[in-house]
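Each structure below is given as structure tokens.
The following pair of complexes shares a single chain, chain A, combined with chain B in the former and chain C in the latter.
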Partner chain A sequence: MSNSSKEKYSEDIITITHVSKWYGQVIGLNDISINIKRGITGLLGPNGAGKSTMFKIITGQIKPMLGHVKIYNKPVWNNYLLWEKIGYCPEFDSFWSELTGFKFIYFLSKLHGISSDDAKKRTEQALKLVDMVKDSHRKIKGYSKGMRQRIKVAQALVHDPEILILDEPLSGTDPIAKFTLINLFQQLESEGKTLIISSHVLEEVERITDNILLIHKGRLLAEGRIQEIRDLIDKYPHNIFIKTVDVSKLAQRLIKESSVLSVSKQDKPKGLMVQTHKPDQFYSKIANIILEENVEITQMSSTDDNLDAVFRYLVE
Partner chain B sequence: MKRNEKRILERIIPISIILTWATIRKLLISKKVIGIIVLCLIPVIIFSLWRFDMFPEDREVLYKSRWENIPELEEKVTDENVTIDINLNSFNIVFPLAVSETFRLDISFSGTTTGPVDHLLIKIFLYFDESYPATNIFDQISPLLNGTLRGAIDLNVLVFKGTGAQGDNDWRTWEFKLNYQPLVNETLGNGFSEDIGNGLPVGTNELSELIKPRLGFYLRGFSDNKGTEKNWSFTYEEVWLEFDEEALTDFGVVGKDTKEVSAVEDGYKVFFDAALPIYFILIIPLITILYSISVIREDIENHTMVYLLTRPVSKTEILFFKYKGFIISAWIPLAISLSLSFFITASNEGSIFLHTGYVGTILLLMTLMVFAYGALFFIFALITSYPTVLGLLYVFFVETLIYQQSNVINRFSIMFHIQSIADGMLGDIANVGLYQLTTVTDSLIILIGVTIVFLTIALYIFSYRDFT
Partner chain C sequence: MGIYDQTYRRFEGKLQGRLVRITTILKNEFMRRIRNKWVLILLILAWSIGIFPIFTGGAFMAYFVLTFIWLLLFTAVVGGPILSEDFQFNSITLYLSRPLRKLDYFLGKYLTLFVLVSLIGFIPTIFVSAFIIGILYGTSVREFDYYTFSYSLMVVGLLMTFVFTNIGMAFSAMTKNHKYASGGIFAFLFFTNILSLALSNLYEDIMYCSIWANFMILFADWSSAGNNTLVDFDSNVSLAILMIISIICLTIVWIKLQRVELSE
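Coming up: the complex of A and B.
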């Protein structure tokens, strides 16, 4: 890496200084100070840890009670013009679902004050990046969870921002969508963009970056020490939910795996809850198992119970 | 112009268009649009049916007043050859409800006589229901009181105007116009005045609740050529108009015979007495509640507001363009519905365009209401999860109950100022004279000011609350 590249990558893009936020008696964030540099930063923490609060503060949607946040050395609160350089993918699975994917992104791109032709071009480019061109003229309400996640990411990309803030972008995605999105994030990183990606699943974040921020109960627990977290997490049983209609067939096959501790059926939604103490091994094998058994799965997600246990351990 | 300012101007136009259109489009495709169409169509259909006499019985209900021939006087017709026909042209009576307000009687009618009539005598009575204690009121309105009828005001008008071929002395055709508005000399505050001179009772008591006024008049024809010792009375025709208590609405007291009043005027009366209150009290508030709350609340509840808040668009712009979209969405159906209702009720014999100026005034009133209510309901949508309930409670308590109070508190309602403007711009035709209202200019300034204040509060809340 050249000196100028090194300088470029060591530059602080986002500066968070002693930020605290309370919701009544509940602490959302507690005296957090971080400098985020170019590249991908993973924000890891269980549900309710404060990830979304931190994102809302970083993006100026809410004001911290103490401290301040700056992007490119400019305060974010009430600085809406910064949004020309930032793309944000929210956590909520919410849309104007009567719109098609194309119109949804086109409308949001128009809010950047660009011409209709330019907005169309950018919309097409963004859809291409998330591999949603084919289905872009269908209404969003007919999309699968994975497609909706990709549309959310596309709307964050449509104005070609320098910074991308993505709140649980891989949550609920199928393996294909996950693969597409992870490749996209790494491509964007190679283009010199800054990405902050939150997740409560360590494996997901690990596949994207080794630079993580660990947050729990509003406090920053660790920064950048992914191997330590990995060692810890492997000690605890790991729950993975697989949404499938071929419940019995897949259960019989999975229980034979040495990495699987237990398999239990779930009715709503219909699927299997798999407990494993070797998640890496399980994830590496699951794709082959699906192909061999010819079963259809529509969703695979890790619950955060195990991660919460790790966080409790860390806090203690 | 600095580069930044130019850039802001360049982006604001497309952003304004796209955000406004998005708001309108969202409202157009929402299920609420069905409710809006129904609300706008209901009065149009009702008054279309009325216009084409589809349910004449309802026409009676709208007037809540009727002619009655009561009671027979002692004097009888003395000459069967003389007849008098009366046509009521216009009639309006306004009762005072506050110390500063005055009684007003406007009446106009015309007629024909047959026989040797050389002058007419008209007697006009205004008297009040017996349930009202006469001593409290009628002792105070002397000398106009005539004791023959309990609590009556008796106006004797001996000579008015003949309009036949021979001019004022020709009584084959005649016309009569009376505008009576007594001066009030002194008042006593919360009650009726003691020494009112030639005035009529005034006070803060609500006459509409206490009395049942009746107005009647009779006409007698005289001829100096008949008889030698005295003027002979040939005939009289007597009509009585009795007001039901329900007729004393906020829009004044109007009584007329549906058979006698021309259809054009009849239509105006129906519009201003019946249609306009339906719009003002029911349809405009409901449509503004439905649309303004939906514009804000749906994006908050569906978590889609975040997509707007994470674009290079200020919160002021988001709120303002949403407001603009709401105004256009609510204004268009209301304007169409109001205009249709007006032209349907007022249309007759090709004369519907005679008073199109009224339409402009009515649309102005509607616009002011939509602006003010919309801004207020934006606040409700931003501060509570149940803005519709809050909006309905507000309309019921403030715009209906408080507005109807006869003291100064009613000035806190938007309706009061709408009524003031209506009174000032439409005058008698709107029959809003029950209250002494503020001036048109004052009320316009108040309504515009209130709208700006509401929008500023809404923007402040929108800027600081976490809707994500």
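Coming up: the complex of A and C.
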């Protein structure tokens, strides 16, 4: 890497200085200070940790009660021209569900001031990047969770932002969509963009970046390399929920795996809760198991129980 | 299976100004609302029952009564969700994470509702005025100033659109539930009129509490060019009341938008 490239990548893009935010009696963020550089940063924390609040402050949607946030050394709050450089993918679905995916993204690109012709081209390109071209002229209300996630990511990057703030973008996605999105994030990183991606699942973040921030109850607990967190995580069993109708068949097969500690049936929703102490090994084998057993899986998600244990460990 | 080029491409086009962003909100919102079947039904009914009779020689009083009723229903249906839906479904986030000021968002939404309400409140007055001037002028149907009459009709129509838009925006800003907002608009407009009319026998000035009566007073005064037939009422008071209501409504909307981050 040349010196100029090194300088480019070591530059602080987002500077968060002593930021605190309360919602009445509830604390959202508690005296957070971070400098975020170019590349991908994973923001890891259990639900309710303050990840979304931090994102809303970074994107200028809410004002911190104390401290300030700067992007390219300019304050974010009320600086709407700076928001042109930001692409935001919210955690919760915020759609006009009667619109088609294409119209939804086209409209949002126009809100950035992109001309009609360019907006059409940018919309098409964004849809290609998230592999949603085929379904783009269907109404959003008919989309699966994974499709909705991909559309949310597409709307965040339609205007070619320099900074992407992605709140749980992989949540609820199937393995193919996950693969598509992770590739896309890495492609965007190679374009020199800054991405902050939140998740409550360590394995997801681990597949994207090794640079993480750990946040819990509004406080920044740790930042740095993922391996240090991984070492802590491995001390605790990891829970994975698999939604399937072929419960018995899959359970019989999984219990034979050396990486699986236990398998329990769940009724609502119907599926299996798998406990493993070697999640990497489990994830690398699960695709083959599904193919071999010919079972149908509609969802696979990691609960954050193990992450909670790590947070408790760090807090105590 | 289509295989697409998934190489990332930079955007090198030129960005357009605020006006384009505001009109984008207006266009998108208008199309979304107008596609609603209830909105279309109301619009068709309002035009066919409320407005066309005037061309067949219907009385202006009847025209105003019907217009007011349709406007009341229409504002409740289209105005209720105009802001509340964004709070309810969190789509406010999509707007406010774009390079838009809250003022741009407000203007986009306001203009949308204004245009929609004008479909019943103002646009028909243009046709009615054109009808009066074009067909009746020069005939001896009635002895009155057609131009003043038509002009007054259009100004009152515009004022009705303005006031109803403000009321719609205010109620929509006050709640996250668009059904409550629509109910609030309907209840406010309907019951203030009913109560005012019912109590006006006891105390005449209470008529000023009726939004509809205030428009009638204004129209009667302006169209008669000073020879007000509703002698007991002062059109300046009516105008002041409507303006005060509008200012209160717009203040409510603005306060809500300033506090929008606290509504999470």
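Operating definition for what follows: the second predicted complex is superposed on the first by the 315 of 316 C-alpha atoms of A that agree within 3 Å, B and C clash if a C-alpha of one lies under 4 Å from a C-alpha of the other, contacts with A are read in each partner's own complex, and residues count from 1 in each chain.
Everything below uses one rule, namely that a contact is a pair of C-beta atoms (placed from the backbone, for glycine too) under 8 Å apart; a residue touches a chain by one contact, two chains touch by 3 or more.
Since this is a predicted model, take the numbers as computed values, not measurements.
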Side-by-side fit of chain B and chain C on chain A, or clash = clash
So, A:K134: does it touch chain B (first), chain C (second), both, or neither?
-> second
Of the two partner chains, chain B (first) and chain C (second), which one does A:R122 touch, if any: first, second, both, or neither?
-> second
Of the two partner chains, chain B (first) and chain C (second), which one does A:W83 touch, if any: first, second, both, or neither?
-> both
In the overlay, work out which of chain B or chain C sits against more residues of chain A.
-> C
A:E98 contacts which: chain B (first), chain C (second), both, neither?
-> both
Determine, under the contact definition given at the top, whether A:L111 touches first (chain B), second (chain C), both, or neither.
-> both
Do any residues of chain A touch both chain B and chain C, and if so, which are they?
-> 56, 59, 61-63, 80-81, 83-84, 86, 88, 90, 92, 94-96, 98, 107-108, 110-115, 155
Any idea which chain B residues touch chain A in the complex?
-> 10-12, 14-15, 18-19, 22, 26, 29, 302-304, 306-315, 463-464, 466, 468
For the chain A and chain B complex, residues of the former touching the latter | 56, 59, 61-63, 78, 80-84, 86, 88, 90, 92, 94-96, 98, 107-108, 110-115, 155
For chain A, which residues are in contact with chain C within the complex?
-> 23, 56, 59-63, 80-81, 83-84, 86, 88, 90, 92-96, 98-99, 107-108, 110-115, 118, 122, 125, 128-129, 131, 133-134, 155, 159-160, 184, 187-188, 191
Within the complex, chain A is touched by chain C residues 2, 4-6, 8-11, 13-18, 20-21, 24-25, 28, 32, 35, 89-101, 261-262, 264
